[in-house]
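What follows is a short report on a single structure.
Should a chain be cited, it is by its letter among A, B, C and D, assigned in written order, with residues numbered from 1 in that chain.
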Amino acid sequence: MLNLLGEQLLNGIVTGSVYAIVAVGMTMTFGVLRVINFAHGEYFMVGTFASWFVIEKFDLGYPQSVVFAVALTALLAIVVGYFLMRKMVGAPFENGVLATLGVSLILQNLAVALFGGSYKFFNGGYIEPVELFGYGLAQQRILIVIVCVLVFIGLDLMVTYSRMGKSMRAVSQNIECCEIVGIDVQSVVLWTFVIGASLAGLSGVLTAPVNVSVYGGMGELITFKTLPIIIMGGLGNVRGTLIAAMILGIAESFVAGFIGLQFRDSVGFVTLILMLMWRPHGLFSLQSRF
Amino acid sequence: MTLSGMFKGFPLKAAALCALALTGGFLSQAQAQDGDIRLGIVSPNTGSNARYGSFALRGAQLAVEEINSAGGINGKKIKIFSGDSQCTPVEGVSATQRLIQEDKVGFIIGDICSSVTLAMQPIVENAKVLLVNAASSNPAITYKAGVGGFKWTYRNYPTDEVRSLVVLDYATKQKNFTKFAVLSVDSDYGRGAINFTKKYLERFKSEIISEDYYKDGEVDFRSVLAKIKNSGAQAIIMYGLADTTPIIARQMVETGLAGKIPLIGNGEFNAPATIKAAPTALNGAIEAAAWLPGWDTPRSKEFVKKFETAYKGETPNNHAYSHWETVHLIAATMKAANSTDGEKVRDAMAKIKFDSAVGPITFDDHNQALVPMILLEIEGGAPSIKGAFVGSIDYPKN
Amino acid sequence: MTMPAILKIEQISKSYGAVKAVSDVSLELQRGEILGLIGPNGSGKSTFFDCVTGLGTPDHGRVQLDGTDITGWPLNRIAREGRMLRSFQKTVVFSALDVEENLVIAGQMFAFDSTRATFGIGTETAAIVEELRIRARELIKLTGLWDVRHMPAGKLSGGQQKLIQFASMLMPKPKVILLDEPMAGINPKLIEQVVEAIRYANTQLGISFLIIEHNIDVVTSLCQRVIVLDQGQMLAQGTPQEIVINPLVREAYLGG
Amino acid sequence: MSQLQETQQTWRSGLRLPAIILMAGLVLFAPAFVGSYSLHAVVIAMIFLLPALGLNLLVGYTGLLSLAQGAFFGVGAYASALLSIHFNTPFYVNVVSAGLISGALALPLGIPALRLRATSFVMCTLGFIVIGQAISKNWISLTRGDMGLSSVPKPYFALGPWSFSVVSTAAYYYLALAVAGLAILAFYLIVRSPAGRNMIAIRENETLAEAVGIPTWTYKLIVFVLSAIFAGVGGSLYVHYLTVVSPLTFQMYYTTTILIIVLGGGVGTISGVVFGSILFVALSEFLRVAPEIRMIAYGICLLLIVFKFPKGFAPVIDKVWSALGGQRA
């Protein structure tokens, strides 16, 4: 029993790491733009597809495909960010919902139209199992956890020390003031969005080897998982997101392991509704934003 | 905006749009009224089961080409109309209605996904269109057919009841398994097969320890596999989706189940790509399938060769086979009836005796074909055939 | 013998976190009075207004309107049941609707006895709406908006919007009106028009006013009495003439 | 008014009566000369019109963006299917119950949700879809899970000894037409009532609406429930037409389609929504656009609405229409 508990905890941490890398991008975008990006999961999908494509068609190695995938996602994010997201500064909240929903539909179905709707088989990555605390685990999963830790350390350093990071923090606190003190809000929004989307792409290609299947609709699932996390973490709160992602990952793992696999997907949204009813500002105080 | 302005211009605009739609309506009706035999195929062409649909369509297409190039049926050529069900009942019903109403098909080969076929049955019954199932295996389909009610539904495919029985029989008698964990897909097919397994558990003195159903699109099975590992189960009964099998197999390797607890059931365990994904997990897997490329009869081998020639060397799967064979079955029935009239073909099918690649096919009074189920075990990275079984079905008394 | 005050506010306090925006402010608005409320920026005037009108809830204190305790009532209930209306510092109108519709809406909740009744469609409903429309036209004439009555309110100038807002508040025949800087940002020509309108409402319709205003000339000409707030506390009160020469007030304004 | 405009006006009003008669004729006798598949497309459009009207009440009149419309559509579909399967109730019982059940569910969901502000409210309504999906998938004994409910009876009417079923597409067309007509009438009466004006006030400025005595929260709750009733009735119509319902009814697809109809057609109008349902549902269904292409087109539409045509496409068509008609004549 204890054995199983430990294993589920480990599974939960791995799942939580993936959620965390995806969710942090969405929460950062919300922080600076006050827009819930319904297309966020699509960048996860694009990353996975890009990596799958170059591995299948050009026989590239997995590490090269990671670089390509993240670069392509970033490029796409620059285009979307420049033409759409940037223009949503100060726009009514509904516009953000509709526009990102539109982007999501376009990207998702473009992938289906280009590559067909069926599942693709992802070859690549480090799928050999290793023993860790007596539990079997693919090397790739360990990589995911390590990358997750690095991403969060990196973000924390950036937000605290870099000029860009400071601007991001400023914009997330008060847009009007930033314009007065000469921060280019639009460019901060653009780059925050690009960073966030690229992280989603990165986590897509990181999880592809263990998730195996690649298909157009995979992004929507990810977006839906991310929403409860960013609410729980407190919208715009980076550290809160990490903790919330871990909580959800572990909770899902326990539900799948002890109650039934079929109930796993409900965990997130039951949490979401409870959170909204009980603590709409998330589990953590607003002061710790960024 | 004033409230009274709301209806302004409404009649004109709406009239214009209606006129537009209606013009289109006339156009669509003006489609050719040629003498072709119109055959509809409802299958998942998009969505997570699109691979099945692609095999099915290509199998049927191959058969149609063979028949047409041999002169057709009484001089008439067969023309295929395809409808995408996305493996969902709602889309499937829409597609079926479209095939019947717009494409005016007289015959339909039903969906691979049982849930869709079940939903299609009342529609073809109303429209008096012959539905021949080539790949959906839920027994309820033919419970309700023939003397069970739906006169226009036939099935040329073994049912899950036979499948569950065959798998359980082999696993308990040959492998001495008594404790099973269930990990099936959440659908009429997955849940249906498990219900029949439960029906026979007592006969084979075995038990199900845990029961989990996964959703279409699920990718993380580690938690449930960890649970199964700790549960003392000797095998995992899986009636699953072909696309998910490699994911599960890989995660079985990760969690240390591979080589210890085999998969038994159905889910294209024998597909080369699946075995390649995780050979250690699939060795020892037991599967009951309607057909597999290695089936050693001349007609079967001929089909594989033709399919590979036609489609760049790709090996067909059982859906390709069953659709190919079903088109031939329909053609043969038309010849036997010496007619392409739906009602005559329907009645002739009840009496047909057709030589298929897996043996002679006849239909029982529930319009269910008596076709064998092939049992295989993966040994050393390749499927090895253990036999073919024709199970008889105990129809529930209405 | 004096009549009891129409609006009696007792020791209202409100803080945001550690900041005390309003502390222990009490005042009484007499029937038929126009009372001015002045103070430097950030002195808590608007917060005080919000607490009194139900847009915010005071931390403690009591508000009595015409003998009824309305503390903690939401804004809409104070307006509907208490007939005490307020304006906003930043002028707001229903921008997409024309002037007449703006006024009709403002009168609706007072003309129908319940929310359910507003879903009515019969001749009775139509008659009530028609009455509202007639009254709206009267007020439009009164405020000099007749020529623009079918223009979308959002398209009009700031001053005209102020007038719309003011006319809207007269629709339900209120007992008390609280105005938050009615003269801010409107041109001097219109100021006279607004002052006239307020005076008319006060004398002819018997409405009592509590007015926040920076324009000291307006305060002097309109108000019988003035209260000065500074840093959330009441600093002084008296006639306008007394307030203008009060050294404490001068210091607060200059020092603030 | 200039001479030109004057003639145009008379030209228009001269054509209005014939146009109404023409349209009424087309609508009434459509099954006689429209291909059965086009008829199918129009039926689907009329079904989608119902939840769209409900959403219009929310987003167009009250200014609340909700994604839950698809959820209530699904609830209505399931409610109606379960009633007719288990109790074999006639259609009019199903359709009314479906509306009422959706409305009854919307009440407890709306009370906490409407206390939230814009962002959280939208998220919460999205949550309703996901919860609907989870329940329909996992409450197997009631909903049969992913297998869905099939063989839902076609609508039948019974009055004493006399009863008949609506089976053919043409018959269903008239049924849908009747329900859609009643819904339009109901919608019209709601928005024309003083309450409709109060809703617009809430959309325009919620604080000001409060200040003139409108209990905004109560109205929002009522509208939320009303919109759910519209959606539930639509769901009922849908399930009896298609005869199947599965958890996929709770997919984003339905919500997105409803959003597109309302926003693309023109929020806050009736004709816009009617037009939107024909344009986005009937035409796309009937042109048989591949699903992914259709969804891409929907996505582009959403972006165009946000960035180019905030009032939807109806005004654009209006312009084209008047360019084609009036001035050139």
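Just so we're on the same page, contacts are C-beta pairs under 8 Å (C-beta built on N, C-alpha and C of every residue); 3 or more make two chains touch, one makes a residue touch a chain.
On a predicted model such as this, the values are computed, not experimentally measured, just so you know.
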Both chain A and chain D are touched by which chains?
B
Most extensive contact between chains (C-beta pair count)
B-D
Give me the ID of the chain with the smallest distance between its Cα centroid and the all-protein Cα centroid.
D
Averaged over CA atoms, how far is the centre of chain A from the centre of chain B? Could you give it in whole Å?
36
How many angstrom lie between the CA centroids of chain B and chain C, rounded to a whole number?
73
Could you grab the centroid distance between chain A and chain C? Build each centroid from C-alpha atoms only and quote it in angstrom.
49
Distance between the CA centroids of chain C and chain D (whole Å) is 41
Check each residue of chain A and list the ones that touch at least two other chains.
112, 117, 262, 265
Multi-partner residues of chain C (at least 2 other chains):
96-97, 101
Overlap residues in chain D, where contacts from two or more other chains coincide:
137, 192, 197, 290-292
For chain A, which residues are in contact with chain D within the complex?
34, 36, 84, 87, 93-95, 97-99, 101-106, 108-110, 112-113, 117, 216, 220, 224, 227, 231, 235, 262-263, 265-266, 268-270, 272-273, 276-277, 280
Which residues of chain D touch chain B once you look at their complex with the stated criterion?
12, 15-16, 19-20, 22-23, 26-27, 30, 33-42, 137, 140, 145-148, 150-151, 167, 169, 188, 191-192, 196-197, 242-246, 248-249, 268-271, 274-275, 278-279, 282-283, 286-288, 290-292, 314, 317-318, 321, 325
Sites on chain B touched by chain A in the complex:
45-51, 54, 183, 186, 211-215, 217-224, 226-227, 230, 243-244, 246-247, 250-251, 253-256, 273, 277
Note which residues of chain D are touching chain C in the complex, please.
189-190, 192-195, 197-198, 200-201, 204-205, 207-216, 218-219, 222
Touch list for chain D against partner chain A, complex:
59, 65, 67, 112-113, 116, 118-120, 122-124, 126-127, 130-131, 134, 137-138, 252, 256, 259, 263, 290-293, 295-296, 298-303, 305-307
